[in-house]
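To keep things simple, chains are lettered A, B, C and D as they appear, and every chain counts its residues starting from 1.
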Amino acid sequence: WPKKAEIYIVRTDGMSCSRETVRASGCLSFAHPSTQQQLLVWRERPRCVLVLKKLGDEQWDSYLRVLRYLGKEEDMRVVVEPHEYLKLSQQTDLNFVDTYNHDEAGRLHQHVDFVVCLGGDGTILHASSLFQRAIPPVVSFSAGSLGFLTNLSLQSVEDDLRAVIYGCEDLDQCSIEEEMRGVHITLRMRLECRIVRQNQSDNTPQELYEVLNEVVVDRGANPYLAKIECWERDTLITKVQADGVMLATPTGSTAYSVAAGGSMVHPNVPAILFTPICPHSLSFRPVVLPDYAELELRIPGDARCPAWVCFDGKQRQELQRGDAVRVRMSTNPVPTISKMDQTRDWFGSLERCFGWNDRAEQKPLGYIDRTDGCS
Amino acid sequence: WPKKAEIYIVRTDGMSCSRETVRASGCLSFAHPSTQQQLLVWRERPRCVLVLKKLGDEQWDSYLRVLRYLGKEEDMRVVVEPHEYLKLSQQTDLNFVDTYNHDEAGRLHQHVDFVVCLGGDGTILHASSLFQRAIPPVVSFSAGSLGFLTNLSLQSVEDDLRAVIYGCEDLDQCSIEEEMRGVHITLRMRLECRIVRQNQSDNTPQELYEVLNEVVVDRGANPYLAKIECWERDTLITKVQADGVMLATPTGSTAYSVAAGGSMVHPNVPAILFTPICPHSLSFRPVVLPDYAELELRIPGDARCPAWVCFDGKQRQELQRGDAVRVRMSTNPVPTISKMDQTRDWFGSLERCFGWNDRAEQKPLGYIDRTDGCS
Amino acid sequence: WPKKAEIYIVRTDGMSCSRETVRASGCLSFAHPSTQQQLLVWRERPRCVLVLKKLGDEQWDSYLRVLRYLGKEEDMRVVVEPHEYLKLSQQTDLNFVDTYNHDEAGRLHQHVDFVVCLGGDGTILHASSLFQRAIPPVVSFSAGSLGFLTNLSLQSVEDDLRAVIYGCEDLDQCSIEEEMRGVHITLRMRLECRIVRQNQSDNTPQELYEVLNEVVVDRGANPYLAKIECWERDTLITKVQADGVMLATPTGSTAYSVAAGGSMVHPNVPAILFTPICPHSLSFRPVVLPDYAELELRIPGDARCPAWVCFDGKQRQELQRGDAVRVRMSTNPVPTISKMDQTRDWFGSLERCFGWNDRAEQKPLGYIDRTDGCS
Amino acid sequence: WPKKAEIYIVRTDGMSCSRETVRASGCLSFAHPSTQQQLLVWRERPRCVLVLKKLGDEQWDSYLRVLRYLGKEEDMRVVVEPHEYLKLSQQTDLNFVDTYNHDEAGRLHQHVDFVVCLGGDGTILHASSLFQRAIPPVVSFSAGSLGFLTNLSLQSVEDDLRAVIYGCEDLDQCSIEEEMRGVHITLRMRLECRIVRQNQSDNTPQELYEVLNEVVVDRGANPYLAKIECWERDTLITKVQADGVMLATPTGSTAYSVAAGGSMVHPNVPAILFTPICPHSLSFRPVVLPDYAELELRIPGDARCPAWVCFDGKQRQELQRGDAVRVRMSTNPVPTISKMDQTRDWFGSLERCFGWNDRAEQKPLGYIDRTDGCS
């Protein structure tokens, strides 16, 4: 038998292949899974924290409790949003609380070690929109029922915050004396979205949005179906006639995308979901694309109506014929800290939030219960 | 403002993080997409090829044409399956053709540079089952209509094979003089499946299967719903009451999984699909898991009937109460060579094979076509 | 203006149009909805009752309680199945209980005024299979959790039975003195299924089955997709390539059909559901046909494998190439007695049994909760 | 054995049961299917026809051709819409064409024997909206590709119109000499929709709409999910949190409802489809209700935003908190004339318009094609 020809493999984007390797035997193989659970390890104690809360006064007491704990017990620099800072000025015992001005807002990520969110999943979306480029790790506490992203309750907020600050692997059993071993962290992909107007001069600054859930192009209140061209780089993938189409992250797979019929994708899967909204075609199934996909949703020149684009449910604006949104993986993920193994945590959320497969244990209905035994 | 605390991140499986990095600014970011299209580059000319064909005599002429081209024009060592070798013994001009015996079968991957498949997608499944561990790159030609995996037609088989042998990036424009620049290759994940019998003694050799499409556990011909426990490592994810449940690769997402309602997942996405088959629960939506998931499908002790397991549609066998199948990513992917950019190729297959979104260009039905204009 | 031309409309099956009419104005209109809730009114007190129970001894006490109530308190002739009659022979106080022999079984419907079922929905399927042609009204009590068909609990079994016997509209407030006003009844359509063997001689008695839920043709344990031709009278509707296909009644729409993706159809809708099981086509959506449809599922001569047919989950048998099942509405519905308005009852079952839309009241996840107000 | 107790059954709406009967044997049975194909028979030759066409000049020639045929060859009174009448005034040879004024519009149905539609399905929706109460039979010709409702092509328009006028069963073989035997007709159910404003004084005239396809309540351009209460008479069925909810007729089941995931329901099935639009609940499956259902979609007082209602894609208007739409079967169906048996016709439309199950004949992909035979 001849000696086997030697080979190597290269990525077309010039990065080196880290997972795909050629073994000594000359065979192609995977060195390891491409994804994995990850731990964040502090090399030194974090000193500066941004605390965000849901609008409204519902959580005012918890808010003060958290601020005091961080500022007094942990001696951290505690930063809040300007509109909350104003309200706090009455509280004489909170002199350690600070805020930032408009100029400083864009540089916050250079100083803030982590972000604390109080409220529902919407508060994390708000954190994501505050940090349009790099964003520090986020730990979030739910005000009421736990969400997908807010999976810690306020009950043991001090213990959980201490565990984050001292970086223990198991937040439950953490003590100050323990060796620092890191906290579970999920780097949640965002999508970088760029609006490209047809009649844009070259020096117009482009509109740029980073979304944590999804970007949606839809017909808005128009009576006609939206007509949208979908491109991947230079290839026209398909033309959509539908209420709309969305591109979602795995994090967003359990938000609007699941309502439109998309699969639920674990946040550690590096992928972009392409989910049509009420397509007028029986065969238009949702599709899951690799994270290197570079997509464009374009309103064709012959569309009957303009369409609308929306980023994480906000900044809704019109897209004229010829306008487009370019979408690709952002290099700035939102790191979220969780208490448990992400997979267990995620399946728990599916059950808790959606009643996923909740009949599993019940008796099936309308099925035979008197028969002749197994075949 | 205080100086930001330094951090690092680690993978819990001990591999180093290749994509997730800490920037100079102290922020977490992605260095690049985790996936990418890849090229296979030969360091030297391949010399040994295995040629597989679909059962039956339909493609006999094409088969001889391919064997002659590879053996005579390209002077390669050409290997065929023993049952075909017998049939070929009549052909006096094919003395360069060789076969292998039972002992050699397990070492074929050490000698074969690449595999040529003639036939439908089933022929590639057959190649996958022949090479239960490492498998050389596969190039496949369709006998009739193109499939998902067999996307080259026999019409220009010599040109396409020459392009593979000489390793050109663009198979269409390839010439021998050209600098070797590699061929598009997709490393298709397989699942490593292990049957664990309840009453197995420790030294029983375990039954091991590598599947390219999916592993299915179902009720077979039993009148009752199958009852299946699904575990991820030590966590019970859910209990299924359904006709069955399957774990599929992205390659398998367009086979049985899509029939059961799963999303279509691009083969470059590193993921495992968890797709129920006719679940008796309204809320049991398909789920896409990361490639590091280690899953187990177990028949509980209180199940009414045994169940059946099936690997890529074959090796069907019974699972008794207490038996289980353990499933995880195999480190031995099936490398398939394609002529084009994988993404364009894949969307082409969706359209060609499924009529995916094929009404896109038609006029929507039953919708208003006389109205007052856009809102 | 000219005088309008007079018209009339006729049904093609020769029955007169009872709902579709021509108004005095010459316009076509509906006289009333085609369906409606219905009441059963006894002209005289029912005297003979058949009591069925689920196999096993779980419900033995409730069973005796029901038999004694009907026999002693209400002085009815109480009939039980032969195998239960044997077991009851020990009970000296049940001398009013009777059974039937093989010859009498086929004439039971001529004597039994109503049937009492104790057990799950399966017990009603059993009742349906006992009475393959005409079947008396059925009232059913659930042993454990309420089902779709068994929506009365055993707690107030005497009150509920008294209400049935004395025929009150509102079973809750019924008293003997009250004027008889009828009980809510649903006439549940069954399907009459006839196996037609290819090589059947003309005088072979045909196999006939009446199903309350569904008839299924599937691939059984075969590795290939089933290939099934679907005809409506003389028209080939479509060819299915799938795990199988089922024809279901509205009653069966919440059993296996919903697991295969079918819509849930209220039992008062006169329709036949045509639901594919894991079809290998993206565009094969379930279809709801009128009750006059006469359907045939046929295994074509070129099918790779035989298929299997199954009636309400039982009597599983092979269909060879060329064999077929002919299916049409049976004129013998199963009348089931319910306590409430059927629509309220049915929506209650959807929620109770499936958690239908059970997140309705919860907060949606991953959606914005801090925004700028409505548009 | 005792003599069986006599029974009868009554409809709760007071109409007599026409299909459900008590047999001589004392058993409940169906006398016949509740639905059936129907024929329209003219007692005398129709004399007055309304011709509608799609907006725009595309079909001008066909329009003139039809007008001349009806007016000159068949000597009918030909009526057109006022805006078309103006355009036709140039044509000197069309003096038989007439129109109507605003007052006459409401009485058109008293004079017009049938309506001819030229254009897509939208033209029939327009006809339906012109005749908000009774509407004469409609025969429709497609300008381009055939639709669901417009299933006749213009090619043989004269023959087809002659067949309608002379009332032949088989339009293809119709001749004047033939005995009149009627034309296939489908009485398409409409929904009668009534907006009920919260602060409406009792003598405000209510807004009433008849829809042929569907009535939709949705969130419009609001960022929040719509919150909608669904009532059937006095029972709260469910609360919806979704993009919206629609109530559709069987005719509308193949329009917007199918895009939202609804089943396809044959137009002869007397039913109302309750289809959620992107519901934020995994378990909210579409539901098919009987035609006697009386439904109400109500915006609750605690909804975050107002919602929007839309009738057959038109008359879009806001619903404030407390407002509602009441929906029930209209007694004024739209009678559409078809050339063939409705069932064959409908399945033909499914295939033609949607590619329903269009892979049936192709080879399944990714499935095994080399195996060991059937089990």
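One rule holds in what follows: a residue touches a chain if its C-beta (ideal position, glycine included) is under 8 Å from a C-beta of that chain, and two chains touch if they have at least 3 such contacts.
This one's a predicted model, so the numbers in the text were calculated from it and none came from an experiment.
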Check your understanding: Counting a repeat as over half of the contact pairs in common, which of C-D, B-C or A-C repeats A-D?
Key -> B-C
Review point. Where are there more C-beta contacts: B-D or B-C?
Key: B-D
Revision key, fill the gap. So, in whole Å, the Cα centroid of chain B is separated from that of chain D by 47
Check your understanding: Centre to centre, by mean C-alpha position, how many angstrom separate chain A and chain B?
Key -> 29
Review point. Between chain B and chain C, what is the gap in Å from one C-alpha centre to the other?
Key: 44
Review point. Hey, what residues on chain B touch two or more of the other chains?
Key: 220-221, 223, 256, 258, 279-285, 313-314, 316, 354-356, 358-359, 365, 367-368, 371-372, 375
Review point. For the complex, which residues does chain C have touching chain B?
Key: 220-221, 223, 242-243, 256, 258-261, 277-283, 308, 310, 313-314, 316, 354-356
Revision key, fill the gap. Per the touch rule above, chain B residues touching chain D in the complex are 54-55, 119-123, 125-126, 144-145, 147-149, 213, 251-252, 254-256, 281-285, 312-314, 316, 353-355, 358-359, 362-363, 365-372, 375
